[in-house]
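Before any comments, here is the structure.
Chain lettering (A, B, C, D, E and F) follows the sequence in which the chains are written, and residue indices restart at 1 in each chain.
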Amino acid sequence: MVMRILLEPIVRAALFEDLGRAGDITSDAVVPADAMIEAVIVARQEGIVAGLDPALLAFELLDPGLAIDILAADGSTVARGQRVARIAGRARPVLAAERTALNLVSRLSGVATATRSLVDAIRGHNAKIVCTRKTTPGLRILEKEAVRLGGGANHRFGLDDAMLIKDNHIALAGGVAEALRRARAHAGHLVKIELEVDTLDQLAEALAVGVDAVLLDNMDPPTLRRAVQMVAGRAVTEASGRITRETAPAIAAAGVDLISSGWITHSAPILDLGLDIA
Amino acid sequence: MVMRILLEPIVRAALFEDLGRAGDITSDAVVPADAMIEAVIVARQEGIVAGLDPALLAFELLDPGLAIDILAADGSTVARGQRVARIAGRARPVLAAERTALNLVSRLSGVATATRSLVDAIRGHNAKIVCTRKTTPGLRILEKEAVRLGGGANHRFGLDDAMLIKDNHIALAGGVAEALRRARAHAGHLVKIELEVDTLDQLAEALAVGVDAVLLDNMDPPTLRRAVQMVAGRAVTEASGRITRETAPAIAAAGVDLISSGWITHSAPILDLGLDIA
Amino acid sequence: MVMRILLEPIVRAALFEDLGRAGDITSDAVVPADAMIEAVIVARQEGIVAGLDPALLAFELLDPGLAIDILAADGSTVARGQRVARIAGRARPVLAAERTALNLVSRLSGVATATRSLVDAIRGHNAKIVCTRKTTPGLRILEKEAVRLGGGANHRFGLDDAMLIKDNHIALAGGVAEALRRARAHAGHLVKIELEVDTLDQLAEALAVGVDAVLLDNMDPPTLRRAVQMVAGRAVTEASGRITRETAPAIAAAGVDLISSGWITHSAPILDLGLDIA
Amino acid sequence: MVMRILLEPIVRAALFEDLGRAGDITSDAVVPADAMIEAVIVARQEGIVAGLDPALLAFELLDPGLAIDILAADGSTVARGQRVARIAGRARPVLAAERTALNLVSRLSGVATATRSLVDAIRGHNAKIVCTRKTTPGLRILEKEAVRLGGGANHRFGLDDAMLIKDNHIALAGGVAEALRRARAHAGHLVKIELEVDTLDQLAEALAVGVDAVLLDNMDPPTLRRAVQMVAGRAVTEASGRITRETAPAIAAAGVDLISSGWITHSAPILDLGLDIA
Amino acid sequence: MVMRILLEPIVRAALFEDLGRAGDITSDAVVPADAMIEAVIVARQEGIVAGLDPALLAFELLDPGLAIDILAADGSTVARGQRVARIAGRARPVLAAERTALNLVSRLSGVATATRSLVDAIRGHNAKIVCTRKTTPGLRILEKEAVRLGGGANHRFGLDDAMLIKDNHIALAGGVAEALRRARAHAGHLVKIELEVDTLDQLAEALAVGVDAVLLDNMDPPTLRRAVQMVAGRAVTEASGRITRETAPAIAAAGVDLISSGWITHSAPILDLGLDIA
Amino acid sequence: MVMRILLEPIVRAALFEDLGRAGDITSDAVVPADAMIEAVIVARQEGIVAGLDPALLAFELLDPGLAIDILAADGSTVARGQRVARIAGRARPVLAAERTALNLVSRLSGVATATRSLVDAIRGHNAKIVCTRKTTPGLRILEKEAVRLGGGANHRFGLDDAMLIKDNHIALAGGVAEALRRARAHAGHLVKIELEVDTLDQLAEALAVGVDAVLLDNMDPPTLRRAVQMVAGRAVTEASGRITRETAPAIAAAGVDLISSGWITHSAPILDLGLDIA
């Protein structure tokens, strides 16, 4: 669960973006100031709920007096038509926060649902689905949480919390071994090092120096299987590259520990959720 | 083109999110401080470019000394493999900005490309594709620009720049006519009023009072056609509701002025763009 | 009523500006920490109250434990000596917020009172008094609200919520007709277009192309009357240029819909309000 | 001169307020991207210029490529029709910054001009005109500078840089002497103490304890004269209370050191300045 | 006591710095969400408590539901092992705020304790210990408060609330007398002027012009004594330069009013405080 | 080297804190606007330079026109009297930035110098000196860099980039093994886990489950030696608890990999650096 102190700046900024200078001029004109409302957030399709906390915070920030009940908590699987939350109180703030709240919860539920679809695709294998840094600018911590709610695990959160040596780093360092040596020399004792390899030769070179994890990029399942055998438990193995529900099972069957997918954060369609007035 | 003063806070925040506290610890460890690089942003699939300005600003904010050339400007159609921009200079800032830049340009190009696909689907008709407020929190002005670059037009930017009276407003006001009267009484002389109608009876009621635009929600093409005839040029007509490439042509053929799509902003897959080292 | 979430950053910044680093060093030295006070905001001259919400928020932000009562709500006409609000509780925060609160409410009440004076001057005519973008930097949304509380209406809130084509735009576009055509081609369907005209020839040209509103700048009443006749209801008519209580009635009598005044926001004297200890 | 690092947040916020989300949609639609312009800020009435620095910074922030020349620096007396500054370059940023720039320079020049009118009214006397904390929220440092440019001097900048003991403090402390003693006990050695007195008895009590300055509130000239005699150079004397051009000379003649006016900041009409295209 | 509105931005920033993107991942993994805790802040050495307000605010900002009791208020002398505050409630927010809170209270208590050690060293003399502007960037108002809690007094808070003319100013102005004359000409009536002198000749020159305070820099006690005699009460006298517990008594005995120390803010060791679980 | 984009917000805030509202009123009064200066930052005692980048940025932010030369880069050992940097240009901005710059560089050089003193104390042993999270609120990234410049290594940067299971976590989890299991279940594949142990029994329990690093808290050298033997290379070993120059060598000789010190960041005295005018 993302702490409220971390959620608040994101939700506040989202509200400011929608309210602009003059606020909700339609509701201010059309809806009486004292009109009361009871609204429910309803799933319009089946999926996994995520982002309910920031969505409900949007209502609360506009009116702390609203009564808010969670009916299907973050991480729940909801059926089409199922009610996810109820908001009751003054109508104007409910309507003013509606779009901001739905934009948050539907996008994040989309991420969770997409994650779950990959998780389900490899069920029975040891591999875990992990996300990448291909997230929406400004929403990374929420999308990382949505991945976890969908059953996936998190890769690093940014450039600063682990080392991931990629092809360009290797080229600029003059090879896998030298890149790894430099990384090891600079890394703090609580910083792990992962290295992206494109070939089994690179993998052999990396294992000779030692590494915490290897990112096996765009390898086919037979190559992955050989890579896993070469690693032999000395490093975490991660497969990446155009992962889909169709390709994932064979990749998982190759024995890798992790399968990383950019798609679950950068291209997942939203989960359709709406606000109905009771 | 979005003014730089409006882009900068968004791009700066996106960089902070990725750099965290310690910055790009991998490049700092592995890449020499004086290593130089020439990098190109390359399209890995065909589509429309959008968001190049904020993407390139990410590089510039980390190192104003980088040489940056645009090879395929925002709005261009690019082929798979086509080079979009070139960045040359110190390697560390290029690598540190890479993911932030790609996250911006690939997401926004995805929005432009999705928009274009709908625009192409209705080519030959008078209707325009317009976006909604179902945008990514924090990125609305960029996504609105991407929609324009894809050939679409913009709906309102927020709750404050036009009135859009929806079903809940109508219910709380006690009917279409009363809602419109209240809106008109409060609206400034430069504020337009649009009303969402679900039935032709509601449409008739709205036209009797007068309205700038009507949102015809979830009507089938024959009903839309009758609605357009009823309106007879007295208001702008907008059709909405689960618009796809397949359904759009018939809706456009019904004669509406606008077809609005949430999908182009909330669920468009990214356009795959990568950074290659020359 | 401006939403609290929009008020808060303005009031918080105003308090920071006055408190500086060390806060209210006089009260901290002279007034015991546990001293209690009952204070009233009192009108020292007759006028219209506006800005009470942000003013009272200043007290609340310094001490949520203060008891605050509104005695004459925003929009009220108050007589000299009339009590507008009562604040009771710890003395130090009341004294620390006093000047910030009074600066807000007296300035905004000044705007409302000035607006009302023009509204009263044209009572009996159809014209409405509207404001401009000649507002105090940082306080626009508050001053727009004050104009409404004084009986006026709002012009656009910024450069982005409507198009207003002025003399410089016309010159750079190469004429009224071309400017209007370009505007229409770019404007979203919920964006209105107003055009400033200096002559009746320009007005004729504008009407030929079509426009939502015309700003008749610095025309004398007879010319305004002819302009209104030419428009014949096809556009909203707005008169501007050195509007005073003396000149306004004749301008209103010319039949324009709107009379815009920069003076009500940029040069209105404050309404004198003070804080008395009960 | 206010340092640029202090000006920039104010001007940036003022631009954001006017640009909103979409920026200057009129100029973007009507003015070609490559159109060039030469504009001059012109005084439309006689007065003292102030606020040119922040006004010109508005242009520079939107386009650092603009050529900007100051023709009549801050503090200059300008005649009607006199050119104050010239801005040349791309037309769109010039038009987008125009209103923000003029709002700043016209308001601040109004403050300087009002100050000068009082300064002129008491010319020949020793008294100086000083401002108060009755400034526009958010603009205090600019208005204080404008007062100086108009020939006035500055009172304290906030609650924290000097002590000013007012009637409410005295009441809560239990008398003039006790209030002064507490103030002295808490004040740092670089903090001055001023005390507001309503009667000559209070003045005598204050002088007995010792004080850096006395604020003689709402006294008539004869009383002021007696107060000045009583003080006999032991404290700075400041007169306040509804100061006008008419009342100021007699007050100055009474021999006070300072005459403070809230009107010069809270109610000064703007100086009319416009932007003309050459 | 520093107002909460001034504390909050500092504490919030400190929490963000420690929480990073993902928050307290250890507690989230290891401690059940519903685990309750009772924690006490305990002094691990004798000293003066300061900074308890911001420290406790760190807990409150993470969870307003925590029960917080102050056992030894700011300014108290605490013995080794003494309990300073108690925090009870959900375990996760307590553990997440722990380090931020302790960093604040231990540093500020260190400042107060260091101040007290100097205050004690000169007990019996008239001199007061004062701080300087050699404070920790970002924490000045808290450190100034800690100095007061330790029994010291505050020098100016920044460059803007008093004038302090130093050697470089004198050199650039062309001498002590000219520097003082310029200062006096520009200073508002509530701005005091202090001048740093290195020699008794400079002191004589300053006294001839008149000055509020003199900073006697790096003078030995006999010279200080002569300086105090020369001043003869016409200015506040401040001694500075490598003040220690050993040198302070002789300096105080020389009769100066103030002894300023940078050490108490820039190099005071922390007071060791820890968080124990009851 | 900390990226400029990360430095700038810290330095800007530090300048605002010192400049307050009115800026450097002494220099503005006393120093002519066109006076030029050449200043050098000089070490007044021997030590290691750190923080020169943010210090020099303070000058640059106030005047980009200043000529700035680094004479002894970050990480250099400087002798007493050695010149560290030279700043030439307009006198006013140099004087206005002086204290902010010196506060930064002297504090951070103090951290680097303290670190070096511990590094030197254990020279010849394998152990490295590492810092903790006991840093100055707001300055963590700068202090972490200073530790590296002094020859130390960095522990985690915050609560979110690695897991450190401490005594309270263990108590709340119900034991070492259960805490470690929970941590492992939640940790991403690039997140390392360290566990604090107070006894060798706890150490044995941790090693049985497996852990990346162990924090051996407050153990004497013989116990540490046995702990290192028990670990036998299966985890990184870190000793902590009241480390001084005197105690460090024996601890290092016990064979631990890391010795962590809070003192180097929370209580290091500054390195005395001054600004001299050439």
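As a convention for this text, contacts are C-beta pairs under 8 Å (C-beta built on N, C-alpha and C of every residue); 3 or more make two chains touch, one makes a residue touch a chain.
Just so it is clear, the model here is predicted, and its values are computed rather than measured.
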| item | value |
| --- | --- |
| Pair joined by more contacting C-beta pairs (A-B or A-C) | A-B |
| Over-half contact-pair match to D-F, picked out of the listed pairs D-E, B-F or E-F | B-F |
| Fraction-based call for chain F against chain B, same above half, different below | different |
| Between chain E and chain A, distance of the C-alpha-averaged centres to the nearest whole Å | 45 |
| Computed distance of Cα centres, chain F from chain A, in Å | 33 |
| Centroid distance [mean C-alpha coordinates] between chain F and chain C, Å | 52 |
| Contacts with two or more other chains, residues of chain B listed in rising order | 17, 19-23, 28, 96, 140, 154, 157-158, 160-161, 164, 191 |
| Pairwise touch network: line, ring, star, complete, or other | complete |
| Touching residues on chain B, where the partner in the complex is chain E | 17, 20-21 |
| Contacting residues of chain F [partner chain A, same complex] | 130, 153-157, 160-162, 164, 188-192, 194, 212-213, 236, 238, 257-258 |
| Chain A-touching residues of chain E, taken from the complex the two chains share | 12, 15-16, 19-23, 28, 33, 61-62, 93, 96 |
| Residues of chain A that touch chain B when the two form their complex | 10, 13-14, 17-32, 35, 37, 91, 95-96, 99-100, 102-104, 106-107, 110, 133-140, 157-161, 163-166, 168-169, 171-173, 179, 182-183, 185-187, 191, 263, 266-270, 277 |
| Contacting residues of chain E [partner chain C, same complex] | 1-3, 5-6, 140-141, 144, 154, 157-158, 161 |
